[in-house]
Amino acid sequence: MTPSCPPSTAEAGWLRRRGGEIALWLAVPLAVALFLPEYYLLATHVAALGLFALSLDLLVGYAGLLSLGHAMFFGIGAYTAGLLAVHGWGEPISGLLIAALVAGLLGLITSFAVLRVQHLAQLMVTLGFGLLVFEAANRARWLTGGDDGLQGMVVSPVLGMFEFDLFGQTAFFYTFVVLALCFIVATRIIDSPFGLTLEGLRENPKRMAAIGTPTAARLRQAYVFAAIFAGIAGALMAQTSQFVALETLSFGLSAEVLIMLLLGGAGHRYGGLVGAAVFVIARDLLSDLNPQYWQFGVGGVMVLVVLFAPGGVLGILRSLRQRLMPVARTSTTKAVPATPATKGGTA
Amino acid sequence: MMKKAGLLAALALAGASLANVAVAADDPLRIGVIATFSGPYADYGRQFDAGIQLYLKEHDGKIAGKKVEIVKKDTAGPGPDAAKRFAQELIVRDKVNFITGLDFSPNAYAIAPIVTQAKIPTVVMNASSSAITTSSPYIARVSFTVQQDSAPMAQWMLKNGIKETYVVVADYASGTDAHNAFEKAFAAGGGKVVGSVRTPMNNPDFSAYVQRIKDEKPQSVFFFFPSGVMPPAFLKAWKERGLDEAGIKLFATGEATDDSYLQATGDVALGLITSHHYSYAHPSELNKKFVKNFYAAFGKEMRPSYFAVSAYDGMAAIAGALEKTKGDISGDKVMEALKGLKLESPRGPIEIDAATRDIVQTVYIRKVEKVDGELVNVEFDKFERVKDPAKEAQ
Amino acid sequence: MSIALTTTGLSKNYGALQVTRAVNFSLPMGARHALIGPNGAGKTTFINLLTGTVPATSGSITLLGEDITGQRPDQRVKRGLARTFQVTSLFPELTPMQSVTLAVCERLGLTARWYKRTGEHRAALDEAAEILAQLRLGHVGHLLTRTLPYGQQRIVEVAVALALRPRVLLLDEPAAGIPSGESAELFEVIAELPEDISLLFIEHDMHLVSRFASRVTVLVAGGILAEGTPAEIMANPEVRTVYLGNSEGHA
Amino acid sequence: MLAILLTVLFDGLAYGMLLFLISIGLSVTMGMMGFVNLAHGAFAMFGGYVATTLMQRAGVPFLVTLPVAFAVVALASIVVERLLYQRLYRRGPLDQVLFTVGLTFMSVAGITWFYGPSQQPVVLPAFLQGQVNLLGLEVGIFRLFLVAVGLLVAAAVVLGVERTRFGAKIRAAVDNPVMATGLGINVGGVFALTFAIGSGLAGLGGALGIQILGLTPAFPLKYLVLFLIVVSVGGLGSVGGALLAACVVGVIDMMTKYFLPEIGSFIIYAVMVALLMWRPHGLLGKKS
């Protein structure tokens, strides 16, 4: 609404746009380290699951796909990193990259089937693949340890310097830094023409085909990205806990990560992170309070969010902001400048 | 350089938390319980909790003169990731002196490296995979191993003229362990396993498997399923298809007739012969007192199962060890004291093997009968001082 | 070469049901051509066949001298064929600016690029802004599409299609659903479309047809009934019978 | 050999009927009303607890508990529908997922509070136990009973809901509530009634299903995948499809368990994926 807004340099614009975010990303680990060092483990858990939920957001929140089998990629990433570490490849960063590669490959392979179908069928096909991979891992006891889990991981210090300690300090900072890097990449993706294309596909795939988008190819690309991020999240979880459980591949985890994302708010960059934090912390607090009936509380939180905060925690924040500042009634998304007049009077 | 610094910092911190070796007398004894308190297996945690509470109630809430504080962590079923995190949190945040509980084997395996690193004595109250005690020198077990309960069944069957059997197990790690231990013991005594099947864990209907057995007509069937919903479903299909009438004899481990579930399983369990280390109907004075106090504390709705008795014995083992160390709770001393510890348990005499830190106990052969209108496992034969066969073999 | 689009014997059957019957049609370069016909005549199906959303049973389609019969919809768009939809088909949660940018990016082959922000593709943004300004949407470019009045949404339809720089533009009832008093703005926009775009549009209102179209094709029951200038068509007795709802004229 | 094949085939059909009976309620709420009701299992579980409680504590005969389970769950569901569900009809499927999974969690914890976490005793009356000889084939009486009830329920739903004026009203109300209201349809009432029927069927399915599936508070989550398989493979909104899908899945599952037991639980998921690739809208589903 301010056509007279002066064209700013890229640098200044970037800082103005991202300054608050950067401060937040620095403040959070600092706060954990200073005030809550005994919560390193919980924070690590939140960070890894947050990345996992973020990866699902690319599919569900942005591209408008459905998945109840996303744990398949998380688990394959975890097992890849785990098996590498068991068999002498303990270097964590290369482990992450290899896990990402393997998960991405699995994403590519399964995408052909998953993208052939829509709606409920898509939900069920992803669920079916997830269950098949779970069963395969359960059967391959010689490789995965079956339901006893994969034991005997030996993970080298990060960068050869930081050993994983009992208190989870290294694990936390390692996970947090990887999360931050992935988040930057994800932000790039979301802000890119490709990201905009995904939103277009979510809003109206028919119209996307009519403007000449090869829709299947774009969705496949998104699916592979999501698989890669999920694989990294799984690998992080494996390396920091030095153990891989069969449950990392389970339907339960697939459902949980969807719940986290919806709690936080799908289609927001921070939806997955906020949702993972809300879910994990709520579960931790409630189950410490009452180990038997905490599920009632978690279920209650979910029901209340749907009833009173449609669109998740971030959804309600956004609509509150819009109500308070009607001027901001624009798409809060992203990088396409809101006003076509940003380039001043030249138009 | 950095690596060393990090390590030193970690060690310093660890020292701080573990340095309370010489605890002041008024410091409480903190015990972390990692178990399943919610979800499909919530009964496990409930039984643990009852066993622990009963022991504490009988001892004024104290062990070795110290007030006991219990910190419960819910894994909601098999959840090694969660268990591992909980173990770390219990040690770092809650500063516990002992870790116990541990119903699922994967959960116990997952925490092994943690308790080793932190030197926290850990008493396994159920998880029954054989190698758990070998995975850390700080783990002792007061429950049983799958092999320990399965192999005696094979021996008893052989002794009673059964030379041929068909094995049915649930398709998971313990099922495989039970299968292998049973088959080994059975073959060693000249028996022959004529067929076997591993059923999926989420399988609700056993009729196809039972039909197949009926058509193959083996002399007998041995099965192993985890406590809970699978045994009743299998037994129902067994009765419905009339396999008893077909003359096929049925044997199982005591999980099939877990006291927690037996009454709900119903008459289909009648006559089933099982091998196990505990029946709440064990006819000793100590057990009668245990059951009486248990009912008094928690009501008759809940029978004490083998989970409750292991939890009770777990607390007794911790108390016994601390008695030997004269209250010293340093990990190495406690573990030393646990080795060779002998206890009189409601289930009978038990001992923690000095070499393996695993339990040595009597395994009973029982039959399901109706006593005063209730289904109970009536013990009628036994194998004394049974060690874990998997470790014996090594 | 002065023909933009041709169909030869284009047919579509659903089982025994023939919805398009051997249509031979050609659209000259720079044409302003209207497609009319009663409800159910198969007008939208014909458009769908041209764009490839519905595969043809037989016959062929030639676009700018190239046979596109076997191509996917997106491939046809790349060769210069764009369309709008009868029932508004937009991106409700995106702004017009984003929607048009999306189309521009697609034309420029940028939509697979994930490593550079859209904001850094200045040329694409400038072009999108220009299109919006041209179509008098500049002042609403930043609002969510779903919040716009329907008339403006119809114009966004056209804007998105124009962003593809089509050689042939198919407008499926561009004014559908707009109260007649409010359609003026839309038709001004259509009248001002660049002349080198060949235009085929479906429209019911003969008054509008005669104002904008130089030629008219009448489609009835999937086949071409008549073709000519608006005046010729209006004078055609067969067409009149069809439009008066009396079918005995050509039964 | 033929006898074996027929026995397994019959068992498969009976298992399919069981799957059908516990899923049919979801086929109504999700298929006809378009509401993603993942709390379906909670309603089924509620029906199961109603039935066992009546049998255990009040000595009500098994056959009587079935209609009671239907009625109690249906009535209770009207309250839930008016209080909660109806607020969500206009919301997206993802909101419905989050909401109904939340409700399921709450019901699991709630039932655990009242009944404890253990398995409930589920005892069949004597006349439904054992086997009978049917044309030379040994078949379980309860399975025969399941097949009969399954066919009856399918017929009742098809004739009573799908192909009646009421069915037309449901479709009108789902497709365009505003227009339906204009046509004089009480949209709220139609939704409430349909939801009650769907939930009642869930309750009935639960009361029947627990005979084979067992009953613990974990029921709604444990069998969620099974319900979804039946409804998705059958095709949304098609009762006949759900019946066909349940039978296909049941027979294939039973056949593999008998003849190729080493394949285990792979088969049911593989079959589901294959069927959905072949017919994404389900066996008898209509293209949307």
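To keep things simple, chains are lettered A, B, C and D as they appear, and every chain counts its residues starting from 1.
In the analysis below, a residue touches a chain if its C-beta (ideal position, glycine included) is under 8 Å from a C-beta of that chain, and two chains touch if they have at least 3 such contacts.
As the structure is a prediction and not an experimental result, all values here were calculated from the model.
Trainee: Trace the shortest chain of touching neighbours from chain C to chain D and give its length in steps.
Mentor: Contact-graph shortest path, chain C to chain D, evaluates to 2.
Trainee: If every chain is reduced to the average of its C-alpha atoms, which one ends up farthest from chain D?
Mentor: Ranked by distance of C-alpha centres from chain D, the top chain is C.
Trainee: Ranked by contacting C-beta pairs, which pair of chains comes out on top?
Mentor: A-C
Trainee: How many Å are there between the centre of chain B and the centre of chain D, using C-alpha atoms for each centre?
Mentor: 36
Trainee: So the centre of each chain is just the mean of its C-alpha atoms; given that, what is the distance between chain A and chain B in Å?
Mentor: That gives a centre separation of 38 Å.
Trainee: So what's the Cα centroid distance for chain B and chain C, whole Å?
Mentor: Taking the mean C-alpha position of each chain, the two centres sit 73 Å apart.
Trainee: Take the average of all CA coordinates in chain A, do the same for chain D, and state the distance between these two points in whole angstrom.
Mentor: Centres of chain A and chain D (C-alpha means) sit 34 Å apart.
Trainee: Of all residues in chain C, which are in touch with two or more distinct other chains?
Mentor: Where chain C is concerned, no single residue meets two or more other chains.
Trainee: Spell out, as numbers or ranges, the residues of chain A touching 2 or more other chains.
Mentor: Where chain A meets two or more other chains at a single residue, that happens at 135, 139, 292-295.
Trainee: Which residues of chain B are in contact with two or more other chains?
Mentor: 38-39, 42, 46, 171, 200 - these are the residues of chain B that touch more than one other chain.
Trainee: What's the complete list of touching chain pairs for this entry?
Mentor: A-B, A-C, A-D, B-D
Trainee: Which residues, counting only chain D, touch chain B once they are in their complex?
Mentor: It comes out as residues 4, 7-8, 11, 15, 18, 108-109, 112, 116-123, 129-131, 138, 140, 142-143, 212-214, 216-218, 222-223, 254-255, 257-258, 261-262, 264-265.
Trainee: Can you tell me which positions in chain C touch chain A when the two form their complex?
Mentor: Contact set of chain C toward chain A: 51, 53, 72-78, 82-83, 85, 89-95, 97-99, 101-103, 105-107, 110-122, 124-126, 128-130, 132-133, 138, 141-144, 147, 160-161, 163-164.
Trainee: For chain B, which residues are in contact with chain D within the complex?
Mentor: For this pair, the touching residues of chain B are 38-43, 46, 171, 197-205, 207-209, 211-212, 215, 228-229, 232-233, 236, 239-242, 260-261, 263-267, 301-302.
Trainee: Okay, in this complex, where on chain D does chain A touch?
Mentor: That would be residues 84, 87-88, 91, 94-95, 97-99, 101-110, 112-113, 225, 228-229, 231-233, 236, 264-266, 269-270, 272-273, 276-277, 280-282, 288 of chain D.
Trainee: Which of the residues in chain A come into contact with chain B in the complex?
Mentor: The contact residues of chain A facing chain B are 38-42, 45, 135, 138-139, 141, 146-149, 151, 157, 160-163, 165-170, 237, 241-243, 245-248, 287-288, 291-295.
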